[in-house]
Each structure stands twice: as structure tokens, then as C-alpha cells.
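Shared between the two complexes below is subunit A, which has subunit B as its partner in the first and subunit C in the second.
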Partner chain A sequence: MTSPAIAISDNTSSDPRQRAPLITCAPDCALITETVCRVVEREKTPLAWYAAFAVSSSFTVVMFLAIGYLFLRGVGVWGNNIPVAWAWDIVNFVFWVGIGHAGTLISAILFLFRQNWRTSINRFAEAMTIFAVMCAGIFPAVHIGRVWVVYWLAPYPNQMQMWPNFRSPLLWDVFAVSTYATVSLLFWYLGMIPDLATLRDRAASRWRKLAYGLFALGWRGSARQWHRYERAYLLLAALATPLVLSVHSVVSFDFAVSQVPGWHTTIFPPYFVAGAIFSGFAMVVTLMVPARAFFGLKELVTIRHLDNMNKVILATSCIVGYAYATEFFIAWYSGSQYELFAFLNRARGPYYWAYWTMVVCNVVVPQVLWLKKCRTTPWIMVIVAILVNVGMWFERFVIIVTSLSRDFLPSSWGHYAPTRIDVAMLLGSFGLFFTLFLLFCRYLPMVAMAEVKAAVSHHPGSDHRH
Partner chain B sequence: MRGSPFPPWIDRGRPLLAVAVALAPVYLIGLVYLAGSPRTTDVGYVPKQPVPFSHALHAGDLGLDCRYCHTSVERAAHAAIPSTQICMNCHEQVLPDSEKLALVRRSADSGDPIPWVRVHDLPDFAYFDHSAHVSRGVGCYSCHGRVDRMEEVKQVETLSMGWCLDCHRDPAPHLVPADRLTDLDWAMQTDQAARRKIGAELQRINNIQPSTDCSTCHR
Partner chain C sequence: MADNVPQLDSSAGALKVAAAIGRFASAGALKAAAEAVRDEGYRHWDAHSPYPIHGIERSMGIRPTVLPWLVFGAGLTGAAVAILLQWWTNAVDYPFLISGKPLFSLPANIPVAFELVILFSALAAFAGALLLSRLPQFHHPVFASEEFRRATCDGFFISIEASDPEFDEVKTTGLLEALGAESVELCRLPAAAPRLPRAFYTAAALAVCLALLPPLGVAWYRAAPKRQPRIHPLHDMAFQPKYKAQAASDLFADGRAMRPPVAGTVARGELDEDPRRATGKDEAGNYVTSIPLAPGAAIDKAMILRGKDRFRIYCAPCHGLAGGMPEGAAGEDAEKWQGMVSIRAARRAAGGEGTWTPPRVLTSAYVQDQPDGKLFETISRGVVNQEVRTMPGYAVQIPREDRWAIVLYLRALGRSQNASAGEVPPPVREASVSEEP
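And now, the complex of A and B:
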């Protein structure tokens, strides 16, 4: 097969005799640069971007107002109260941390496995990871009650001889999430340096040149720089890989290490990690489909990429569904009446609607992705992905609220209902996420140009284009 | 617009990085020094008192027991600043016309207390109880030092939470026999090993187990 000079419209073929092309435009470096940089360099910001930004930044303001009110009045402005001491704050935290899992999986694990299709989507997914972890980090930071002493979470020498309790998974969480945020940010930034240098070199105005030049750290693209860059990237990928598995495992320890029925199970770490990757990929698909259409990236982020991501969603959906079934089996098999009650209460208790929303969205709906038609049709996959995100939010709600509201002692049972501030903070966190996302789309290269070029053109003329 | 957007002289700023790195240890040492310095911890705090009362004279030379004036120290949270009447027990007879005691006499006549300035001031969220400590054998010396040699009372310990915890975790060196509670000289003269031995024995006999729970001091 000779190198196709013309664009291919469909690369979703699963014919094993022929390697499907990574991108559907010509494997031309200048074209790739042009396609990606065009989004950042266009003179006028599209009106639709302004409209979206107005909405999302308004919600962000709402969140910060809600946080300000929370600081003034205390955590009583939320619906949390004994016995449901953790509610939407922790639901939102786990939800956002979970969303943040796609980025590192795509950038680190798929990199180590030499999955070159990751190059078109890794920048995008890593950016989402960082924004999601930022949203996640807000909730535990503001839920502690006395925010002005939040630094007590950190082990530092002080005259009080106060030292965090290293036996507490809540402390492990602080370290797991902050490590994850740091490594993800470094990985994202390091990967972007060559592309920032491209933007610097193409910049038409002095300010753009200064701004991109500052962040490009003097990148000139010399062989020595590339050599060191690739070494560093490989090392960071190796460092980030265990984090994909560790972060949500540690988050799950917040629950699994306690003795609350429905929480105290060994299945939690793998179950949480699968759920995190599930929700993370769903969020990438949700945002990628409109972004690739709106910003003209359809030829770089092809239907085949979306197809691959949908396969990951389907696989993790099955794992999550299997975990739901296992929980019920073990609840029965354990012979513990509290454990069994906790699960029957999830399915048939006062929050049954949340449980069944979760099952339908996470297990039933994604089954349509067995059909290739559904995996390759943008509007269908967006609906599925949005429902998966709804389902995964409800999963955390079900785990946290049903278990806490009815534990061992019926006399201490309670019922949880959110307040308006709870709702404002959830919507506000979405506002913050989309605000950051919109800024990213407008000012940074959405696709890793240098990596795509390397993946499509290192053997020009041969058919070994991975 | 190819090429670097920055002028070449920017490279000359690179030595500044070396300076920053070299200054980092200085900064850290300075930070730790300031955090532990008496200006931060209040060690050595000697406020000006309205009456030039000398502990060195009363508790030292004259040998008054601390509890003669600080009456509630064994039974209440506060050691109690003595009322003017306690001063007047003696000063009706002793130096009744002294210029230095004018304010004391005025206070005795009017009933308005003498505006003493507090030296040992714990934060309001720490509930220290003198009786709990004194009745378990923690002598005055451990926290207040040689008050019997002070013309003006001075803070000698940091009174920080870490300082409290040091003793709560290992009280033995600070426990003294009941008849030595207010004997500041004994506390200082007896050697450390002997004090620890006596203290450990007292701790065992009296089953003293200081708590380090948050709610012990923060209620």
C-alpha cells in the first residue's frame, strides 16, 4: 500500500489485513500544525465561545459565592448532618477525581503500551484531568469546617506538636490527590513545550510571542533537546502509571477502611478505579465530540478514536456492573445482616431511585456500545456518555448517602436532603470545569501536534504508520 | 516572527538563580530562628506592674509560701491573684505609710481591685486547670521557674502546646513530693536523675496518666 496523499473519510475498518490510518487528513506535518494552530490563532473569538464562556463563568461565580457563604456561616449551610456527615461535598469530590482518571490513563499507560492513537486525544484528556482535579480539590478543602487552618492537614513542624494521623486514609488521600495533581500537571506541561514553541514561532503579535515564549522555556527543537525531552516524558509516564491505579484506590480507602456496612469491602479499590476510568472516558467523549466538530479537528480526532474510547467505556461499564453484582453476592454470602441490609436498602430503601438511576445509566445504557453503529455515531455516544456521567455521580451518592443514613443502629438512622447551597456548589463546580476547558480550547494547542506528527510520519512512504 | 522573543541580555540574569538558591538556607534558618525566638514565644515577658511588688522579697527572703497569697491554686482552675485584703493582712502593720503601697491602700479603701497585668496568659481555647496539676504533684517550679528570685515576675517557659505535651507525655521529671510542691529551691537543687526517679515512683503510686486527647485541654 502506498502512502495516501488524499484524505480518507472512514478509518473505522477493523480489517486486520490493513492498518487503519491514524488520521483522516493527509499525513502532512504543515497541515497538522495548521489545523491545530488555527483554533488558537484565529483573530476573532467565535461568538459561540463567548456565549458558552458567559454561562460557565457565571456558574463559577455562583460557586465562589456559595463558598464565601459557607465560610461565613459554616458547614451547616449544607444538608450534611449526623448521621450523614458526608454528603454532596464528598460525592462531588469523588466524582471529579474520577473524571480526572482518563487523562493519565491515556497519556501514561497508553504511551507505555505504544498505543499511538493516544496522540490525538492525550492533550485534551490531560487538560480535563487537571481541571477535574482542581474541581475535586475544592470540596475536601472547604468541607473541613475551619478552612483557615486547612494547613493542619500537612505534616509540618509546629509549636503545637500537631501531626497528622498517618493511620487515617483521609491523610493518604491528601497525599494521593496532591501527588496526582502535581504529576499530571508536569506531564501535561512537559508534553506541551514543543507545541508552545510552535505557537511562539508562529505568533503574530508581540504579546503572544512573549507569553508563549515564556512557557516554551526556550525550546529550539535541537536533537539534544528532543533526546532529553523524550527521556523525561518516558520517565514521567512511568511515574504517572502507578498513580492511575493508586489515586482512586486511596480514595476508596476513605470508605473501605471504615466499618460502615456497604463501605467495608475489599472490592472497593479495583471497583473505584474501573469506575473512575469509566467516568473519565465518558467525560472525554462528552466534550471531545462537540469540540472536534466546532474547532475543525475531525480529521485529527477521528471516528476511530471515538470508537476506541467507546470500547474502553463499554469494558469499564461491564467491570462496574460486575462489581455491583459482586457486592450483592458478598453481602448475602457474608452472612452479615448489616451488610445484607445495606444493599437491600440501596435497592429498595428511601434512595431506591438513586440506585436504579445508577444501574440504568452505568450498566444498561452503555450496552448499546456493543453495536458498531452506536460506537461510531457522535450524537448517540454523547448521549450515552452524558448518561454515564449522571450514573457515576449517582454511584457516589448511593455509596455515601445510603450507607451513612442507615447503618447498624436503627435509632440513629436519618435522612439526607441537599440544600440550595449544595446544588449551587455542584453546578458551580461544573461551571469552573467548563470555564477552564473553554480557556484551554481558545489559548492552548488542543492536540499534541508534535506527537501526532511523530506517530503518522516516521516512515514516510511505508505502511508502518501506526 | 521567528527567533526568541526575549532580548539577549535576559541571559545575564541567570546568576540571580544561583543567588536565590544560595539564599534559600539563610531564609530557612532565619525562619526557624524567628519561629523559636523569644519575640515569638513570649519567653522573658516582663510587663510593668502597677505596684512594685517583689516576689524575691516576699517569697524568697521572707519565705512566704506561694499558697499564702495564691489561695485557690489547689482547688480551682485559677491560682488566683490575691485580693487586696491579703496584702493588707500584713501591710496594716508593716510599712503602713509606704509610698510604694499607696495604690494598695487606695484599693483597700475603695474596693476597686489593683489592675495587675497578667504575665502567664494562655489562649482562651486552652482550659488549663491549676488544681489538676498541683494536686497531682506538678510543682510550681516546672512552669513558673524561680519566682522567689524575681523582682518582677517574668515568663520563663514558652507555654506552647508542644511544651504542654512534652510533660503530658512524660510527666515523671516534673512530679514532686507533696511537701515540696512550692519549694522552688528543692526543685532546682535536686539533680535531674534523682527527680526523675522520685517522679516515676510518684507517678506509679498515684497512678498518674496524663491524657493527650484534644478534649483534655480544648473543650
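And now, the complex of A and C:
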């Protein structure tokens, strides 16, 4: 059967008779290598990169100054106080951990589902995951007060003869997040070894050869190596899939296992995971659209990739919206006056603006993605994705601050307002994130070349082989 | 070609053929060639491609890797470690009851167990994949070839190493050519493995030694005895703007930061209907002459024995087990009658170290003639003699009832030391007489 040829520059067709091409350039190994490597091998760093780096690294400096000040003065420099003992520190933590979910999801879950389109974006998303988890890890580490004894979180034999309490979700969180960070890093690095070898073999200068060669570990792309490598990759994907679902579930236990009205709900684990995927994909889109244009990767990261990601955003937006509605229903149905109050207070209390920002950004705005036009127009999707991330930040703010500021006992109610240090740390964490990201774009292969090559050579163009 | 040969050490000498490589046009050609090479009986050989080629394992005869089993084992280990860790730390070594939760319960332990299963398995998968593939391995014959660089871009290669028993320069290159290789090349390496210059090792050893200095310095500083307080980099909450117990303060006339309770304050549980039992004095302020008993209590043997027991703990170290050397024992070794503290203090005072007021002999008329209330007060508040505290007060250590019991025992001691022969019960008298030499 011959099918009508589609224009190679538009691979967004959903004609089921025709397999849309994965990439819009020729499925040629040398071309793919060249496209990805030339970004890294460019002789002169573009001025725009320097400009972006200057901005982001100065924000990073602000972050570390703020942290230094925090160490000197104590957590009192933040706006947190009883009853709102958790505030922006934990909001930012949950926000960043959530962002960090897309990477592993794309690399692991889509890998298990044999979604070959993931190959163009997985490296990028995994890098984003790791940087987001780094940003996330900072907040709980510095919020403990005496930072220099942070190692007390770990179970190690000590002269105090004490052990951490393993029945506390906060300790589960330590294990979940550190396991997640480790496994994501391994997954990312393992996936990158063949590409680092490519960069090593193309290296023109001695230093490049040494640096990439060191991290490529002597990879020769031999069949015996590939055999074990693919096995390991599959196993890591199979391990990372339940892991990624567990991490945000465990993060949600921090809240759900407590008694606070608005926190003590069984819907939290799935609702948090959906929200995490939602925000993570939004962040990937936010970064991917400018990066693919700027670094000339439009043929590898095609509009169809963005289209697919926007569909995931739309789906998770609906799940999140459904979860918001369910929370209200259960609050009413529970017959518990505290639960009911907690939710009415979210919508109508002193933080109503945060609540409605969240609803508009997370539930209303993404509905435009039902239109194909919006899913395939870069500037529209970037705006939607940025708003989604704003909304997801506010979601965590709403959950944490509204519940704590007004719980069971009206006499202990309070109001929370952030300080300048809080703001500096949030902005600074974005600075750190973008700094790491810019370094990644400049020095590491942004697209998993070997995987794209494998994907296109097993399914070249629109050729049906099954 | 010569310029890609590693030239770390120019004295390595002649080059030796280490492998033959052939480049093929496509993945399909590579697979077909691999089958042929396998059938020729080569063992030290490999196929190289920029991406994994499906099914090439079978063409080459590579046996499935044991990696999955390693990962499975690591996962089980992770589960066991997690469960044992949580059980031992929280239920055995440091049982700590929180909100009535059981010390060991699987549901609470599942999250950490799950995470450790994943962590252990992932580490095993990663390390296993590398180590089973003998990575990292920075030195390999194929790296001598300039063209081999294409293996990570778009080239498909077969490499046969010279260590293979079947290897023969002519035959092997001939085979690769016959299989349709687009180009065939012999990779040559220096006969001796390249060695790093000796200066590198010297520098490395030096660096390690220098790196050890700071930790050694810290360890030494921590261990060595110091006159001054040690550096205290992290204050934690050790230094706070507040007064600690017994600190001085300019604010109050007596210069003390601790404030005494307002006169007439009664501490919780010390309000007593009979103030004589608390102070040893009656309403008029005179010492009581008999022991004021609590309602229902009686002077009995149990009370004397209690007093004896407390006396031996609190008083005997200074006053001696019998309350001091009675006058009748003059001429005997005085130390025999004294408590350990007295003996030592007296010896040191004799040697010019410190001062020591010898304790009063409790069986003496001086003490025994005092009213019971006065003895009770001495025990409670101690003795201050010419502005020097010669005996500490025991109100804090010894509960009130016990202090009265000690008073009773002091009386018993007094009787025993000052008894006339007629007062001693006949059996005891006979026994003690017969014992005396």
C-alpha cells in the first residue's frame, strides 16, 4: 500500500496509515552526530550565552549569599514562624522536586512503552531533572536550622546512641529524594557514555580529548559493551519507573500522614505525582522551545515532539483539575467541619488570590491545548508552560500555607508573609538551575545521539516494517 | 598513522601489531560479517557500531549477560538491609515510642525498603554494566586507529585482536577484506605498554602526603592537651545571652544572678502540717527535744536500721563508721576511727596541702547533749564555722524522714559508745569478752 507522502518539515500529521518521521532531517548517522556535536564544539561561545550565563550566575551568587546569611543568623531570616513553620522553603522544595519528575518519566516510562520520540528529548529532560533535584535538595538541607549537623538525618552509629525514626515520613523523604537523585544521575550518565565517546573521538584539542575521554571511560561501542549497556539501561528504566512514582508519593506523605486539615487526605500521592509530571513537562517545554531554536536542533526536536509533550501537559492538567474538585467534594462529604473550613478558607480566605491563581494557571489556561494550533505554535506553548509552572508553585503554596495558617484552633491562627531572603532564595534557585542548564547546553551533548540513531535506523522515515 | 601512537614514553621501542580492524558499510553488512568471523572460530574479537544493533548478539554468539541476576541479588540485599536496619535501630537498639505506633511494623517500613531496593539495584545495574564490559579501560589497540574514531559517529567495524590464537596478520586481514570490509587496517601499539613518567608518581605521592597534613593537624590539635579552651567553630546553643546557674550579675545587690525564693515560699510538696518536722524547731523557735513523728509513724527497729543505712552512706565517709574516736580510745591509732575522707584530708593537710577541720566526734557529750532539733538542723544545713563551711548540708540529698532516722541512729551510736557494762545484753557481753585477747 502506498501512502501519500507527507511534507518532511511537518511531521505532526496523525494519519494512522503513515508513521510520522521521528526527525525531519535525513536519518543519517553522520548528520545527526554533526547536528548535535556542533553545538558543543563551536569555537566561539555565542554572546547570548554569555549574557544569559551572567544573569543566571549572578542570581546563583545571590542564592549562596542568602544561604550564608541564613547560616549566620538562623532560620529566623525567613518569614516562617508558628503556626506557619513550613513556608517557602518547603514550597520551593516540592516545586523543584516536582519539576524533576519529567526527566525520569520521559526516559524511563516512555522507554518501557517504546515511545521512540522520547530519544530526542530525554537527555535534555534528564539533565533538567538532575538540576531541579539539586535545587530541591538545597531547601530541606538548609531549613533544618543547624545545617552543620545535617548528617544526623542519616542512620549512622553515633556517640549519642540515637537512631533516626523510620516511622516518620520525613525520613522516608530523605531516602526517597536521595535515591532519586542518585538513580537519575546514574541513568543520565550511563545514557551519556556513548555520546561522550563520540565527543572524545571528534575532539580537536588535547584537553577536550582528555576531558571527554575520561568520562567516556574508554567506550568503544562494541557489541559486547552494547549488549550489557542495553540490559542495564532497560533495568534502570524498569527501576526508575516505580521510583519516579514513589518519590512524589513519599513527598506527599510528609503532608498526608499528618493531621492538619487540608493535608490529611488519601488522594495526595496520585495527585502529587500527576502535578509533578504536569510541572515537569511544562518546564521541559519552557526550556526546549528556545533551546531548539537557539542551538539549531529543530530537525531533531521537531514540532511533533512538542505536540506530544503538550498532550501530556493537557492530560495531567485535567487530572490535577479533577483532583482539586475531588478535594472539595471529600471535604464536604467527610462531614468534618475542619476539613470543610480548610477548603473554603483556601478559596475565600486571606490567600484566595493564591488559590485562584493556581486554578486559572493549572486548570483553565492549559485547556487551550485542545487546539492543535496551540499545541504546535512555539510561543503559545511557552506562555502556557510558564503559566503552568507559576500555577504549580502556587499549588504548593496554597497547600502548605493556607492549611498551616488556619488549623483547628482559631486562637493560634496566624498570617504568613515572606521576607526578602525568601524571595532571594527562590530567585536564586532559578539562577542555579539555569546556570547548570547553560553549562550543560554548552559542554554536553543535548540530544542522545546514539539513541536517536538507533531509533531512526530501526524505523527509518515512514517505512513500515512490522 | 604513526602520529596516533601513544607517545607517553618514547623509549617504549618498536611497534607491534595489536589488532586488525575492518570497516563495513552498514549495520546489515556488519551483522553478516560478524557471523562469518564467528564461524572462523575467532574469540578475541568484537563488532563496533555507533548504536546498538538488534540481534547482533546472536550473530556473534554472545551469551546473555548475568547482569539481571546481579541486579536481582542487589535488590534482595537492599530489601534485607532496609528491613534489618529499621528493625534493629527502631525496635531493638533505640526503641522509641511515638504516637503509640508499634516499634516495628512493615507498613511504616515499606517506603524505605522500597527505596533501598531501587538504590541497590540501580547501583548494581550501573556498576555491573561497566565492570562486566571491563570499563573503564582507557587503553585499547583499536584506539590506535585514526579511522576507528568513526565507530562512535557512523562507522561499523569489526576488530580482531592479535592475542587471539587464530590471529595471523595476512590471513585475518584477508578474511576482513573477503567479507566486504570497505577498509582494513592493522593497529600497532608499542611492544611495551606505555608507562607514565616517573615524575608523575613522585608528584602524586607528594600530593597525597601534603593532603594528609591538614587532617593530621586537626587530629593533633584535637588530641593534644590545651590550657586554653579549644576553638569552638560551631556554637550551637552553647553560648546564649542568658545567665547560667551560679553566674554573677551586677544587677542585684548581692551580686548573684540566681534569686533566692521570697521569704515564706513553700516548695511544692513541702507544705507540712507539722512545721517541727520540717525545721526541727517548735513555734517558739526552740529546738525540739524529741523526734516529731509523722502521724501513724513510730520509733522502731526499722527506723534505726534505716538511719544506720543512711548514716553509713552519707556520714561515715567523714565521721567514721562509729561516729569518731571516743575519749576512751585515746592512745589508739586515730585513723582506725576516722572516715576515708577525714584520713586523706588530714594526711594532705599534714603535708601542707589545704586545710582540714576534723569532724566532731558524734558520740561525744558535745554532740549528744544537743537537742534532736539541733542535730536535724546540722544534718539539713551543715556547719559553717567562722565563715568557713566545714560540713555540707544534706537537705537536698537526704529526704526529710531519712534525716530524722539518722538523728535516731546518732542517738543509738551515742548510747553504744557510752554504755555501762550493765547495759549490754548478757549474750553479747559474753561473746565480746571471750573475743578479746
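Operating definition for what follows: the second predicted complex is superposed on the first by the 452 of 466 C-alpha atoms of A that agree within 3 Å, B and C clash if a C-alpha of one lies under 4 Å from a C-alpha of the other, contacts with A are read in each partner's own complex, and residues count from 1 in each chain.
Definition applied: a residue touches a chain if its C-beta (ideal position, glycine included) is under 8 Å from a C-beta of that chain, and two chains touch if they have at least 3 such contacts.
Worth saying up front: this structure is predicted, and the values here are computed from it rather than measured.
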Item to check | Per-residue contact with subunit A, leading partner among subunit C and subunit B | outcome: C
Next on the checklist: With both complexes overlaid on chain A, does A:210 touch subunit B (first), subunit C (second), both or neither?
Outcome noted: first
Checklist entry - After superposition on the shared chain, which partner residues are touched by A:159: those of subunit B (first), subunit C (second), both, or neither? => result first
Next on the checklist: So in the superposed three-chain picture, is A:218 touching just subunit B, just subunit C, both, or none of them (first/second/both/neither)?
Outcome noted: both
Checklist entry - Who does A:201 touch here: subunit B (first), subunit C (second), both, or neither? => result both
Checklist entry - Is A:372 contacted by the first partner subunit B, the second partner subunit C, both or neither? => result neither
Checklist entry - Between subunit B (first) and subunit C (second), which does A:73 come into contact with in this model arrangement: first, second, both, or neither? => result neither
Checklist entry - Which partner does A:38 contact after superposing on A: first (subunit B), second (subunit C), both, neither? => result neither
Next on the checklist: Can you give me the overlap between the subunit B contact set and the subunit C contact set on subunit A?
Outcome noted: 161-162, 200-201, 213, 218
Checklist entry - Which residues of subunit A touch subunit B in the complex? => result 158-162, 200-201, 203-204, 206, 209-210, 213, 218
Next on the checklist: Help me check something: in the complex, which residues belonging to subunit C touch subunit A?
Outcome noted: 27, 34, 46-54, 56-57, 60, 62, 65, 67-68, 71, 85-86, 89-90, 93-94, 96, 98, 101, 105, 108-109, 111-112, 114-116, 118-119, 121-123, 125-126, 128-130, 132-133, 135-140, 142-143, 149-154, 159, 234, 236
Item to check | Touching residues on subunit B, where the partner in the complex is subunit A | outcome: 1-2, 4-6, 35, 41, 158, 160-163, 165-166
Checklist entry - Tell me, which parts of subunit A touch subunit C in their complex? => result 28-30, 33, 146, 148, 155, 161-169, 171-172, 175-176, 179, 182-183, 186-187, 189-190, 194, 197-198, 200-202, 213, 217-232, 235-236, 239-240, 242-243, 246, 250, 253, 449-451, 453-454, 457-458
